[in-house]
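Okay, here's the structure, questions in a sec.
Letters are used for the chains, namely A, B, C and D, taken in the order the chains are written, and counting of residues starts over at 1 for each.
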Amino acid sequence: MIGFFILGLIIHVAAMALPAVQRHDGQLNRAVNLLNTVALVLGLIFSVHSLLTFQLWDTRFPLPFVGTIHLACDGITLFFLFTFQLLSVAGSVYAIGYLEHYVKGGVNIRWHLVSFTLLILSLQLILVVQHALVFLTAWELMAVSAYFSIVLEKDKPEVRRGGFWYFVATHASALFLYLFFVVLHDRTGSWDFADIAGQSGWDSGTLALLLVSGFLGFAIKAGFMPFHSWLPNAHPAAPAHISGLLSAINIKVGIYGIMRMFMFFPTGPEIFGWTLLAAALISAIGGVWYALAQHEIKRLLAYHSVENVGIIGLGLAMAWLGRCLGAPSLVALGLAGALLHTLNHAIFKALLFFGAGNVYLETHTGEIDKLGGLAKTLPVTGVGFLIGAVSICGLPPFNGFISEFLIYKSFFQGGNLMGGLVPLVLLVSAVGLAFVGGLAVACFTKLYGIVFLGEKRLKLPEQPGHEAVSSYPVLLGLATLCVWIGFAPGVVLSLVAPAISQISGIPTAQLGGELIAPLGGLTPVFALLLAMTLLILGIKVWTQKRVGVRLLETWGCGYQSVTARMQYTASGFAEELIQLGQPMLGLKLRWKPIAQVLPEPRMFKSHCFDQIEEGLWVRLNRTIGRVLMLLRWIQSGNIRHYVLYIFAALIVYLIIAFVW
Amino acid sequence: MVTFSSNPVSWLLFLTVLGGAPLLSGIVNKFKARMAGRFGASVLQPYFDLVKLARKESVYSRSSGFITRLAPSLVWSTTALALLLLPVGPFFAAISFDGDFILLAYLLGLGRFLQILAALDVASSFEGMGASREARFAVFAEPIFFFTFGSMALVTGRFSLQSIVSGIAWDKPLFPIFMIVSSISIFFLMITECSRMPVDDPNTHLELTMIHEVMILDASGFDLMLYQHAASLKLLLYAFLISSLLNPFGRLNPVAGVTLFAGVLVVLAACLAAIEILMARFRLVLVPQFLLYATVIGVLNILIFTFSR
Amino acid sequence: MFTIPLLLALPLLAIGFTARSRSLEKSHLATLATAMGHLAATFYLLVAQRNPFAANMWFGIDPLGSFFLLILSHTFLAVALYSPGFLQRMQKPEYSASRRLYYPALNSYLLANTLVIITQHFSLLWVVLELTTFSLAPLIYFYRSKESLEVVWKYLFLVSLGLVFLLIGILALGLAAKGAGEHASLLLADLMRDGAQLDPLWVKVGFVFALVGISAKIGLAPMHPADIDATSNAPGPVAALMAGSLRSTAMLVLLRFYEVASHTSVREFSQRLLMIAGAFSLLVSAVYIWRSRDYKRLLAYSSVEHLGIITLSTGVGGAAMLGALLHTLFNSFGKIALFFMAGRINRDLQTREISSVQGLMTRLPWSGFAFGLAFFYIVGTPPSGIFFSELLMLQGMVHAQNWVLLGIFLVLLMIIFIGMSRAVLRMLQNPWRSAASASEPRERFHLAHAVSFYVLAVSLPIAIFQPDFLFGPLRSILAAFGFSL
Amino acid sequence: MTNALSILFCLTLMYLAVTTRLSSYVLILVFEGILVAGVYTVSFFEHFSATHLVIAGAVLLFRTILIPSYMVKIIRDLDMGHRDRTHRYHPGFLLQISGLIMVALLLSYQFSHMTPVLVIPLGTALAGIFSGGLLIVRRRLLLAHVVGFLIIENGLFLLGVGLKAEMPWVIELGAFLDLFVLVFLMGIAMNHLKSHFPEGAGEDLTTLRD
């Protein structure tokens, strides 16, 4: 079975070599993406098979200096591998159609294709590698290749800017990881994950350092607040298939890293769990609230990735706490929620980004307030996007509900297990999650309602819908997955089971009884819902056939000359909620008040900027620049100053030598 | 583990509830009329309206798409399915499992989602306004629900509505107070969700002031019927929630249980009517504070309970 | 015993020949031959690990020397390969004198540096250090322009001022050695042997003066300014020579003093001083890399940064010291590629302003690609060698539990990374806004690119397979400094 | 004897502080060269050897004949005759120099407690080194910088004496620096200054900066 996977990797390498031989860009695009798809499908066969048959795979081959390279697929790796490969398949197929337009536009996509393939390849490598140095290498490969995939349209300054955010953020996380693994190596004397996991009895100082550096490293990657600022900048910059994969799998590497930390520190301190909980809650609420304020589709979706990472973090935190309490069932619940939500978020977020990509191809803008009524021109995208939107709000009977349901349950179960005020804290977190759900509903009704429903707000070039045909199978497939996981979560949960049992220590058979069966019971309930809906729909259609249906103008409450511009806008839809979010959300409103009696041209602008981005990172950047400026006089160009420096240095050193 | 009640009564009851739901709104209207000193329409008036609507032909806006045609049925079926999760007085809930109240909340959420989309589908500025308001208030309404039932779950240590209701220890002194206070916050929730005074005025005719009614401006015929019926189902749902929470007899004494259950329903109807007579509609900016107030009650409630235990 | 002639006589002959011969081709071939002979001898010495000189002579080759010989002659070979490509573009009449001086100066540079490396006696060391400066001056002054005049003036003045202090340092060493009694001398071996008897006061003074004096040559802040000007205004190959080998040779001199100091009670103090000096250089380079306008100066500052890193982690010791030595080698690799490519870019695009570099990847695909690659190499993106050496340094700091230094190190590295990538990515991605897009011919693959790719690639096998001919010496160096891995 | 000569050396430094004429700088250099050679010979008088004689001769040759004459030539070439006043003359300079000398003597006195040294020559040497540096820092003419450099060297020479470092070939190496200065700093640089800077030749160069 492993043969399939290795073959897949080899095919990836071949695909990377292809641009050297194939001259014609269009064919090159198709060829590379198809090769990748084939490779990924092969890998998918491997991961699914070994997940279902629960075959873990483990090999070491010796190398000098780096010691024996340890490659292994345990439950965690396999699950993430499955997720990554599944979504990369979608991404590659989608890219075929999407990049077609760049080829037509004369953009050079050769480097992009290479780095795209390298991104997929390195993402798979990161998971199987169990050796710190090789892990870091794969990590940086991923970072660099992802950067170059993002800046496809590098002629646009804003694209370069967005890409640079990613570039810096990912290098910062890499630095923290260097520290993390170096300290681990210093204490355990090994780069091998297995040896590290085997280590126990950390002294508290080292453990604190490790937890902090590791968490920071992975949190920056995963986009927890306040390290999220690269997401809303990088996602709009990237082409749709890349931004889809960024959210779907790239940030999940951070989650994978935190799972690894579960393996490394079996007896972690409880405080880390609480910290994780707090960070996750902040990310969830903050993310969705900022999302509500956005005017650009991809930026909005990027903030939702922050929110969903937060939700995943909630599950992880519960799992960590459960392990501190020695309650494996709680660990199982939390992990099941977190991992399942990882997969679910990957699916519907990719679906949404690809949908946004189609919208961009059709209208060449991402400004929500300029769009409208696209559900008629882009039917497939419309349906797919709707299903994605419902799923991301965690509404039944779609997949988002299942994972959030598990996380809710973990809260209440944890509340039962722990005494004192802890139940209240967990209750508050549960309420917070509900609050997030409400905001998400507001946000996606806004997004879908304004972009896809109603009438066109903007005169678009009259042309047949730009939906790339190759995107149909992707959108519909992903949508089907959303529905399927929602209706029958059993199968997917059995894919998660190995990972859970690996950490919680509960045998998979028992998990089937405790975890999977109850959710399996939801299927008839949803079936009932479906039946009732269809029934009533049937009755309605029947009656309407009898009494007839008429098409008329929308009821304008007596006002006759209604235009499309009079529709409710996205900013109007969300405005009050954003006002309630002040001052956490920096909202800038500019308008010209009514001055004269007679009407005159008037304007209203609302712009919401990210307080954390502006107030923390941009300001930090400015501060560093200013502080460094203070020393800028050194290179004065005047040799007399240089001579002075020499004497000054001499005196200072002598003082250090004899006085200090 | 999801359990489907083996007792046929639960399922029969469900059907009767579907049928009887409009009656409650009828009763409320009657009370209102009486308190206002009018004679008022018959209690059965809602039924007449529904039948009339079902017979009318449907008019669709040219701007509308598949959402408008799909939404009403989904709104209706989600509300109906939510009813199935409720224990009615002494009788078992038809469907019950650990955490079913989460499902209940999210089912209503799904309905709301589609209703908002349907409102935005017809490209009307008025309905967009209603949609925005609905979305905004929902953001604050859902936490109340979760807080109340979450705290009950923690207090009783059980996770399904069925077991929570049967798990309330009325003999302990704390529980009655706790239950009463929480049902107050649920009453607030009811007012908001069922678009009653003082949050929303069900029978105004000025679109700018409405929330729920303005969203269904363009619905007509069978769709409108579905919306109306779903609304009355929703009202009944919350009423049932409260009255099964305030039911000490439970299964000990079915007769007393049922009577008390019915009694609470009538009292609720009276309260709603009284409020609608006595109060004016809030300014919309006040509604979030109103809801937060309900949440705060819940917080104090659970705090008091935890500390005095 | 063929190594001594290869190391010393061959360059000498080459100087004579190139000084007399009229044709650049012949001189080039001679220089190339010299470089290869030198490299061969170096390899032989590395592998054989034996000192061709008699013990207690003023010359001698220890592991440290052989390692730095490798850096020197490797860089020299690269430069010798690149030189004709550089000279053939310098056809302007005002360059004729410089062209004639070029190869002799190059060879005398090789000779002088070799002498510095193999000298075991401190007074002699000082003399040959002078020689390196002599030999470099005409190369720096190649363009004979206003700027290069200013550069050469500043560089010579400051470096020779530094040398005065170095001389004082040596004087102090001599005084310290007096404590050792009759057989005292300024031979490295003797000084290390008598480590116990040396007068710590004078050793301390000597180390301080030596550090201050040699800093001007290494390019450690605050004695770096002249170095910056020289490296950024010298022609490409010369800049590569300075950044790649001259600075590491100077570093070797500092290591010699450190070697003496580390055998006395001054060890801790000297380590602390090295850390401070290194950290300060890191800071200063960060100051100017953060917002840099001129990419050649950017590269110059980057080599200040890397020498700072090396000094700093030399002070930390242990694994960090191993990292420092490796870093010296890998840094010279990276600098070769960077300065070659920067030279080509500067020549073809006729600008040194980062902001006015446009359409690099379309106009100079090979150079642009190599430049970008070298950038990723120099900021330590795995699997570049720099990554491994910096990892070793981190290990050393963590092991020494020197958290403050670790923090400063990481923060400054991050700042420098941001500044440098901001500049380089801008160069690579700035689109070409000019009508003449079609007219320019596509750049063809050049020997310089091959050299750059080679130096960038070669570090990985070294880091991974740890060839014994290299790591054997390194281990014995660490042993000589009293560290054990 | 050495002490007396050292004191004289200090006095030359004082004069350095008050004068601003390049020509008088040259005079100072000559005088100091003689002093240094004198101190050197005297200090090694008891065990006198050929090398010492050679070195002293070399020093005399360089510092009293070659370099000064060359300097005069340059002054003429760059016709600094009519503007040989270095800019920003500043009476404080005298105070600074004398302060330096005080501090230097004090230091060397303190130093003499730690290790056997000749207090006066050592102090003078330090004073020479630092005031040479100060001259470079305070004067803008390149030639003045060279003068400062040479004064530092003289200080270095005295240092060897003051520290009683009878090490073969240490201080003597200083002679090489003279050669260096002669050949490069003045030979090459100064000669090209004329061609590159037609006006304001010899002012210090500050175009390369960040």
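A few notes on this one:
What we mean here is this: a residue touches a chain if its C-beta (ideal position, glycine included) is under 8 Å from a C-beta of that chain, and two chains touch if they have at least 3 such contacts.
These numbers were taken from a predicted model, which means no experiment stands behind them.
For chain C, the chain whose average C-alpha position is most distant is B.
Across the assembly, the chain pair joined by the most C-beta contact pairs is A-B. Look at where the CA atoms of chain C average out and do the same for chain D: the two points lie 32 Å apart. Centre-to-centre separation of chain A and chain C, using mean CA positions: 45 Å. Spacing of chain A relative to chain D, judged by their CA centroids, is 70 angstrom.
For this pair, chain A with chain B, the centres built from the Cα atoms lie 36 Å apart. Multi-chain contact residues of chain C, defined as those touching 2 or more other chains: 153-154, 157, 161, 288. For chain A, the set of residues that touch two or more other chains comprises 632, 635, 639, 643, 646. Contact annotation for chain pairs lists A-B, A-C, A-D, C-D, with touch applied as defined.
Those residues of chain A lying in contact with chain D across their complex are 632, 635-641, 643-644, 646-647. Chain B makes touch with chain A in their complex at residues 1-2, 4, 54-67, 70, 72-74, 76-78, 80-81, 84, 95, 97-99, 102-103, 105-107, 109-110, 112-113, 116-117, 119-129, 131-132, 135-136, 138-143, 145-147, 150-151, 153-154, 157, 159, 207, 217-218, 221-223, 226, 285, 288, 302-303, 306. Contacts from chain D toward chain A in the complex involve residues 130, 133, 136-140, 145, 204-210. Chain A contributes residues 63-66, 133, 136-137, 140-141, 144, 151, 154-155, 160, 164, 167-168, 171-172, 175, 178-179, 182-183, 185-186, 624-625, 628, 631-632, 634-635, 639, 642-643, 645-646, 648-650, 653-654, 656-658 to its touches with chain C in the complex. Residues 153-154, 157-158, 161-162, 165, 204-205, 208-209, 211-212, 215-216, 221-223, 225-226, 228, 269, 272-273, 276, 283-284, 286-288, 290-291, 376, 381-383, 387, 390-391, 394-395, 398-399, 406, 410, 413-415, 417-418, 421-422, 425-426, 429, 431, 463-466 of chain C touch chain A in their complex.
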